[in-house]
Each structure stands twice: as C-alpha cells, then as structure tokens.
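Taking it in order: structure first as structure tokens, then the write-up.
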Amino acid sequence: MAPEVGATLGPNRYGKAGIRLATVVRRDGQHEFFEREVEVRLEGEFEDVHTKGDNASVLPTDTMRGSVYALAKQRPDEGIEAFALRYTDYLLDASPAATRAETWITERPWDRVQIEGRPHPHSFTRGAHRWTAHALRERGGVRLSAGLDELYVLKTTGSAFAGFLEDRYTTLPATDDRIMATNLEAEWRYGSTDLDFGVERRCVKDVIVHAFAHHDESNSVQHTLWEMGRAVVDSCPSVDEIWFSLPNLHHIAVDLAPYGLRNEGEVFVVTDTPSGRIEGTVRRTEGAFPA
Amino acid sequence: MAPEVGATLGPNRYGKAGIRLATVVRRDGQHEFFEREVEVRLEGEFEDVHTKGDNASVLPTDTMRGSVYALAKQRPDEGIEAFALRYTDYLLDASPAATRAETWITERPWDRVQIEGRPHPHSFTRGAHRWTAHALRERGGVRLSAGLDELYVLKTTGSAFAGFLEDRYTTLPATDDRIMATNLEAEWRYGSTDLDFGVERRCVKDVIVHAFAHHDESNSVQHTLWEMGRAVVDSCPSVDEIWFSLPNLHHIAVDLAPYGLRNEGEVFVVTDTPSGRIEGTVRRTEGAFPA
Amino acid sequence: MAPEVGATLGPNRYGKAGIRLATVVRRDGQHEFFEREVEVRLEGEFEDVHTKGDNASVLPTDTMRGSVYALAKQRPDEGIEAFALRYTDYLLDASPAATRAETWITERPWDRVQIEGRPHPHSFTRGAHRWTAHALRERGGVRLSAGLDELYVLKTTGSAFAGFLEDRYTTLPATDDRIMATNLEAEWRYGSTDLDFGVERRCVKDVIVHAFAHHDESNSVQHTLWEMGRAVVDSCPSVDEIWFSLPNLHHIAVDLAPYGLRNEGEVFVVTDTPSGRIEGTVRRTEGAFPA
Amino acid sequence: MAPEVGATLGPNRYGKAGIRLATVVRRDGQHEFFEREVEVRLEGEFEDVHTKGDNASVLPTDTMRGSVYALAKQRPDEGIEAFALRYTDYLLDASPAATRAETWITERPWDRVQIEGRPHPHSFTRGAHRWTAHALRERGGVRLSAGLDELYVLKTTGSAFAGFLEDRYTTLPATDDRIMATNLEAEWRYGSTDLDFGVERRCVKDVIVHAFAHHDESNSVQHTLWEMGRAVVDSCPSVDEIWFSLPNLHHIAVDLAPYGLRNEGEVFVVTDTPSGRIEGTVRRTEGAFPA
C-alpha cells in the first residue's frame, strides 16, 4: 500500500472530440445547410474519479455529445460563436465539479449552387476552408475567439528571403523572388460578445487575403504575418488580437541544367516535408483607438 | 535448382507515383499558376529485369520524374490532357521494351484572388476540387480520358430511398426525403483528341452540378448517377462515355426523442464509415447523334 | 425526350465500404479479439434502378452492413477467408438480380500482451500490419485470395541499382549499395478452399520476409519481387499465384559535403513522394508439381 | 501612417516541422537502423524580423534542417533524448536572438528480422508504436521529457462505467463490462539527464502495459490513467511526472435483436468519431522517496 502515498494527481481534463453534425433550416422553400464538428473539455475537481474510481461527478462524454444535438435543435441556424457560448454555459451548469469548460467548433462552409446566376434553393458544393470558434468559460466569465483554417493562399512573386544569419550549416541561397504559399490558420479575439459574428469574420478573412496579396515587398513569412495582423487590427475595430500559424509550403525551383534547360522561375517541386512553421500574434496597442 | 523451373512471371508493371510540381507562367505582369501531381506506369517485356536482375531495359523511375519537369518546362501552361499525351509519347520513345505507358495527372485549381472585383495579377487561393487526366498509350494508339474528383455536392431535399428489397437483415426504414451527399469522382472519354480541353471540362462539370441539383425526384444514388450521365452525354457532344464513383455520405437524422425533442429534419449526424459506394458508366448509344 | 434515347447504361456496381467490426470470443477465461473491416460490391441486372428509379431489386447497403454483424455473431472466431466465402454466399442468395458479389476484408491483428513471459487472458496491443481476404463469387463459383498489407520491411544493404537504360533525362547515379524499403502489399490465390487459412497465411508471410532478408544480391525491387514470389510458390504448395505491390520508399543519402562532412552511408533523407511503384505477379508454372 | 502605431507584436515563434531522417550504423557486419522525425521552434527577440522585414537575426529553417543531418552524422546511433539535448544546445549557440529552443523528436522503431530464432544482420520490419523526446532549452537550463505514442492497447473485460452524473441529456446506459481501448500517448519527465534513456523508456513502457492489463476493476479511463501513472512513479525512480492522453476508442455492442439474435458481448462496432478524450498527469509526491 505504501506506493500509494508516493503519487499525486496533477493537471487533468476530459471531454469529447469529433462530434460531427449537420443542421438544415427550411424557410419558404429556401434551405440553409451547416456542417460542423465540436470538441469539448472539462477541467475541475475530478480527483476522486481518478484515484477512487468514483464517477459521481462525471458528466459522461456521451452526454456532451447528446447535448450538442439537443442544443443544435433549439437553434439550428445559430452561428458557431454563439453556439460555443451557449454550449459552454450548459456544460458548467450540468457539471458542478467543473471549473472550466472549453469548446472548439469548426464549420466547413458549403456554397450554394448557382445555376445561370440564380441561387439554387437546396443544393450546395463544399467550400475550400473552415471557420472556427473557441470558447473558454470559467465560473467568472468567458473568453471567445473566432478563426479560420485550411485557407491556402499563394503568390508567385513579391516575396524575398535574404540577409539572414549564416553559420557553418547554411546552404540556402538568398533569393529576391520566390513563391510564397501557406495553409493559413488564424484565431482572433473580439473585444465584445455582442457582435454580428458572421459579418465580422468575413471582414477579417477579406482583410487577411488582401493584405497577403498586396504585401509586395515581403522579406519573410514573419514580415507578411505582421502585415496581415496589422491590417486586421487596423481595419476590424472589433478585433483586439490575432494569432497566425503559417506553415511555409516550400516550392523549390527544379534544377533543369542536367537536361540542358534553364529554369527561369517556371518549374517548381512542391513538398510537404520538411516545412517551415511561423506563428505569431499581433495585438491592438493598449490605449490606441481603433481606426 | 529445381524450384526455379516451377515459377513464371505473370502481369507486371512499374512506375512512379507522387511526382508533384508547380508551374508559373509570367506574361505582361499577369501570372498563371498550376499545381499538379503525376503518376505513371510502364508495362512491357521486362522478364529479365525480374528473373535475371538485368536492368538494361529499365527506364528508371527517377528518369520518369526528371522528364516530367523537363517536359513541363517546355510548355508550362499546357493543359493536363495535352501533357498526358505528350508525356506518354516520350515514355514509349524512351523505353523500347515498353508496350504500354499509362499516366494519371491531377490538377488542384488555384483561383485568382479578386480584390474589390478586380483580379489580382499574382495571388491565388486554392480551389475545392481537382481536375484529372488519364492517358493509356500503346504502340498502336492512345486512349485519353479527363475527369474530376473531390467535388463535394449535397442537396437537402429532393432525394428519397424506398421500395427496396427486404430480407431478414433489413432494418433501414424507407424515406421519401433525405439528404443526399457525395464526394463525386468522374472520368469521361472524349471521341477526339482535337478539343479545347479546358472548355470541355468546365462544361462537363457544370452539367454534372446542374443535373445533380435539378434531379428533384431522385429515388437513389444510382438514379441520380444516371441523370447526371445522361445529361453529360446529351449536352457535351465531345463525350462518348462517363463513369462516376459516388460514395453515399450518409447524414443520419438524430433521434432526439430521449431529450423530449422532435427532429423535424433539422439535426443530422455526419459519418465517414460505413458509406455506400455507387459506381456506374453511362455511354452514348451507338449510332445516336450527339444532340 | 429525344435525348433519352441517346444514352445507355454501361458497367456498374454498388456496395458498402468501411463496415468496421470487432468480435470477442470468451472461452474458459481466455479471450480472443478480432478487429476487421469489410467492403462489398454487387454487380448484376440493375438497369431499372438507374434508368427508372425502381428500387425493387436493390438490396440496400444498410442491409449489407447489418448482415455482416449477424453473420459475425454466428461464428465470431471464423477466419476472414471463411467469412468472405460465407458472406458472398449470403449476398447472392439475398440479391436475385446480382450476378456477382465481391468482398474485401482486412484484419488488423492484435497481439496478446505477454507479462513476464505469460500470455495475458484478455489484454492486447495492436500489431503492425494487416491481413486481407478477397472473394469474388459468381453464380457458377467463387475465387478466393488471401493477402497482407502495411508490412513495412527494410534492408540496409544487399541492394543495388545499376546498369539501367540512360537517356537525356537521366540523372540518377548507379549504386552498388543502397537501402531498400517498401510498404509491402501481397495477394495470393489458393488452389483449394479446403485449407487451414490461418496456418497458410502465416507461412506465406514468413517466406516473404525471409526471402526479402536473404536476397542479398538484389539488383532492383523487381528482382526481389521475383525472389519473394518464387520462394512462395516453391515453399507454399497451396499457393498458385502471388501478386505484389512494392512502393519503393526512397532513402536518399544526404550530401554532407557543404558541412565539411562525408556521408559514408550513415545519414539519409526519408521521403514519401515521389516514390517508385513496382507491381508484379509470380505464378506456379502450369504442370509443375508443388515442391 | 497612423495605423502603424496601433499594433504591437505579441508572442511568436518559428521553426521547421517534418525533418525526416534515417541513420545506419554498420559495425562488424551487424547494422543498426533508426528512423526519426524532428520538429523545432525558436522564440526570442525577433521583433524587427516582423515589423521591419530585417532578417539579420534569423537562423533560416533550412539551416535547422541541415544541422539535424550534420549532428546526426557525428553520432548516428545516439538516442533521441541525447540528440534533443545536443540539438537545442547548438540552436541557442547558433541563434543569439533566441531565448528558447524547443525540439520534438519521434522515432519509429524498426524490429530486427528473426529467422528461425536468429537475428538477421541488416533486415528490419517496422514496429507498431513510436518513441518521443522533447527538450525545451532556455539560456538558464533545459527541461527534458521522453514519451511514446501510437501505442494501441485494448482489454476485452475488466472495465466498467457506471454511477455517473445524469441529466436531461443522458442516454448512455451504465455498464459493468465493456471493451476498453486507447491509442495511448504518454510523456514523462526525468529528474536527471544522466540516465540510460533506452533502458528507462523500455521500463516505463512495460510498466504502462502491465498496469493497463492488470487493472481489472477499472471504473473509467481516468481510473486506469491513475493506475498506470501511479505504477510508473512507483516502479521507475527516474520519473518525476507522467502525462497521458487517452482517446477512448469506443467499441459499441451491436443491437442484434432486429435479426432475432442476442449479442452476448460478441460483436461490436468500432468507431473513430466521436471519441472520448482523457488527459491527466500523475506526479511523484514531493518529499516521497522513490520506491
């Protein structure tokens, strides 16, 4: 029995991943379709669950799943940000032992089919990126973020990488013109929860894409990250802070000399691994007024 | 030694998969960007390669890779169909032992960024499906197909499944209104190789999506497959035959009764497995004139 | 209406993929555990299903799923080969319109936990490859194959690649010593269905691995494919024919010269793409007696 | 220009992911083979990189890649823990602006082929889990962890889940006998860096698997997490703390009643989503002597 006194439970949490659901709203012959995936974690006073095998305080992960469906039924066309707020509220109510409930929701947009310029009432094709929402609720309050991922953006020029630190393992040549491509992920924090989230997020996405495209003297992925972040803080008054994860999807010019050809920026190998990873946060300066 | 006489080489082939490349065309400040992946196989008289370890007739798969880059350099903005024809031509030239060269090419479309309605000269976001080309060349001729995959389409109504065969293992209830969704893959054969393939393929895709959307009394995935195939044969005179693979991406209505709620076609579980798989071919009737 | 006469239904089939199940057999305190995945297709007279939307002849894919569970209940510890025979038998019985039923089954082996050399009665860890079975049944008879996949094998020497065809796109240097690695997939056909399949398949796997390891003067992946196939035909009298798919998982020696170091066969880059693909069949020579 | 004053750079880091390499050690005809993947991040004073596009302080991620190969050449059979220490040491040396260097290394074990009980000198098959190492080095010191992932363990009995909290969304029935399965990931912290890491990690893995198998009255995944963690702290004096991530891979008994059959714990559906996620840490109690 002695060994038992030697161990202590440290940080722990539990929940459910991969709760996939779709909702349909039917209104006067025009349908809306939403496809989402929910992940959730609870943290709190769960020591007896672990050390004594006492489940009295455990809200089963199966209930977390069922409640997602039930809450979705109540408001099938609610945005993922509002759903995240409502879901974490339910979770802290349902689990007295929990001190924190966290949820991550992704939405795969489906675009309405257009036929000869006219929107079809109930047919959709799947879009090319995802929207995300993240709520972290404690007994005293909630922190809400929105975001997007799987947004692949690329520019064929306007990107350089030179003037970097060199050491004995340096082989990369400096370049004043390269392809820049990334699978962009971003998450931003709003200063308020009383917003039209659908409008806000489309605005943030547009600002990101425009800043990426227009930043024509990019010296690095970091440099473009800053430009995108600064543009969002500048143009979207509701956003206090934005974080980016920007894998550098390398496009390497093929050496065609062995074939007697000269590659003038025309043919590139696309690689998955290894890949650069650039992450960073841009914040609204305290005291600065939104533009 | 005796055992050696007991074995014979049967059908065999070899090649390279996953040859990824991108090409850029720069023209008066307007750039085009293409991302492709090539796979290739050769078949032929390769018995000594296997049984004697004699590589004299082997065109290395590394050369298959290198020649893709070199051929791409020669015509960086060539369509994948024409590239497939040219590449298989090179392969049969380069490999006297080969009797057949087959290539599959996929292209991930990248859409030009639009900023305030104006196309950006060199920035792109990645599209949501892929184009494909498939060429099978023998010494006597070539067969060319084009296609697409990863085209997710969905309709929230207009689809039923009823009147099916029942046996002792039947539990599925008949339904007169369900969600139909698929990750559509298609491959079609042209009657000619003298076509504007880019125009043709966009036409085929549009016809497929329209037929899917408009087929409002679908009794099964097979029924919609036929409608789409018939529409393509009818509307695209260059297409002789089209094959579809249509996984049935099930959206199952959640039973909300345990929560005291009634699901009126609003909340669905999205599942990956198991999934129905429907495949079929629709052909232009011999002797029938294209519409 | 005219367009309708212009199209004809060609080859078609339908079925279910991803039917995942586990079975447990409990016998005197010793448990057996099996994890499997089943895929199935039917072909036959299904023209009205497509062209008229008439489902009267359709055995739903949901029933294909349910019957897998029911048949598994009847014999939970049956081998996948016998299950494939029994399942396709049921399918042709259940579907009068079908002329052909085909099933592919994979089994992920779970190895019994050994504790201080003693087998644990009910704990398992997941193994590193899969077993497969494939049955194609028509009204007149059945063809059965067994196989394996996801068997990663590698040798650090004993493999060369030289003497190959060269042309203007050749850049690969010849080598007399390289790493050979593959993610081996094989499928073999038995001459009989009255066999102890579990014994047979373990025998085939052992012969494959031994032949791979012992083939110390390999001139190519094709050469080793032949050696493995010949060994199986030679050592496993029940096998009439074996097919291999052998992706060449390239391990490329890193050029360390820029760092002032010399790579003496010590450091390699592991790549996924592109990769060589070698496929081939070895058959027992007609008239040759099994060894 | 005004907008520029409104934004500030927050937390940021950069590095490389997916640096894949293999090393071979050749010693008296007996070869060793190691396959690894390295990921790395630097944090530090990189504000000018972002806001001014000044790369003077940037160690390129390409150099991070090259140095992995060079360091591997120097000691090709070094364990991943020691490599992580040496690599992060190099990184802080090479990058004066960095205040923190972090690396994650995974190793896919390849098992030596045994032929008739004898180890083969240079042939291997790939194992079924991975080893991991994680080093976080700052100017003042380093924190080293080791771990494993992709270890699939399963028990067919000895696991219950009952007595849990119920609310209006509860549908899960209590059970006193279920399958418990997980894709186990663990990471543990050593109290010293002067250890035989290979011996230590195999010891930890054995203790984990034994505790999982022997915990025959498990009331939950959390309960078994605690048992495994307690056993490691108790049996492995070098380990101060261990963290587990235990997805609950649900095996759901199939309802066979519609087929007139009764499922007596024999047939289960295996699902990927949704899945429970249980994470937790077990620490050596401060002041407690290792057993």
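First chain written, first letter: the chains are A, B, C and D, and each begins at residue 1.
The working rule: contacts are C-beta pairs under 8 Å (C-beta built on N, C-alpha and C of every residue); 3 or more make two chains touch, one makes a residue touch a chain.
Keep in mind that what you see is a predicted model, and the values were worked out from it rather than measured.
*Asks:* What is the set of chains touching both chain A and chain B?
*Replies:* Both-contact set = C, D.
*Asks:* Where centres are the averaged C-alpha coordinates, which chain has the largest centre distance to chain C?
*Replies:* Of all the other chains, the one whose centre lies farthest from chain C is A.
*Asks:* So how far apart, in whole Å, are chain B and chain D when each is placed at the average of its C-alpha atoms?
*Replies:* 38
*Asks:* Can you check how far apart chain B and chain C are, centre to centre, with Cα atoms defining each centre and the answer in Å?
*Replies:* So the centre of chain B lies 24 Å away from the centre of chain C.
*Asks:* Centroid from C-alpha atoms only, then distance chain C to chain D, rounded to Å. What do you get?
*Replies:* 30
*Asks:* Where in chain B do residues touch two or more other chains at once?
*Replies:* 20, 66, 70, 169, 171, 258-259, 272-273
*Asks:* Using the touch definition from the top, list the residues of chain B that touch chain A in their complex.
*Replies:* Interface residues on chain B, with respect to chain A: 20-26, 31, 33, 35, 66, 69-70, 72-74, 76, 110, 113, 115, 120, 122-128, 151-158, 179, 209-210, 212-214, 251, 254, 256, 258-259, 261, 263, 265-271.
*Asks:* In the complex, go through chain D and note every residue touching chain B.
*Replies:* Going by the criterion above, the answer is residues 168-169, 171, 258-260, 272-273.
*Asks:* Taking the touch rule as given, give the residues of chain C at its contact with chain B in the complex, in rising order.
*Replies:* That would be residues 2-20, 39, 41, 46, 49-51, 53-63, 65-67, 70, 94-95, 161-165, 167, 169-172, 217-223, 225-226, 229-230, 233-234, 241, 243, 247-248, 272-286, 288-291 of chain C.
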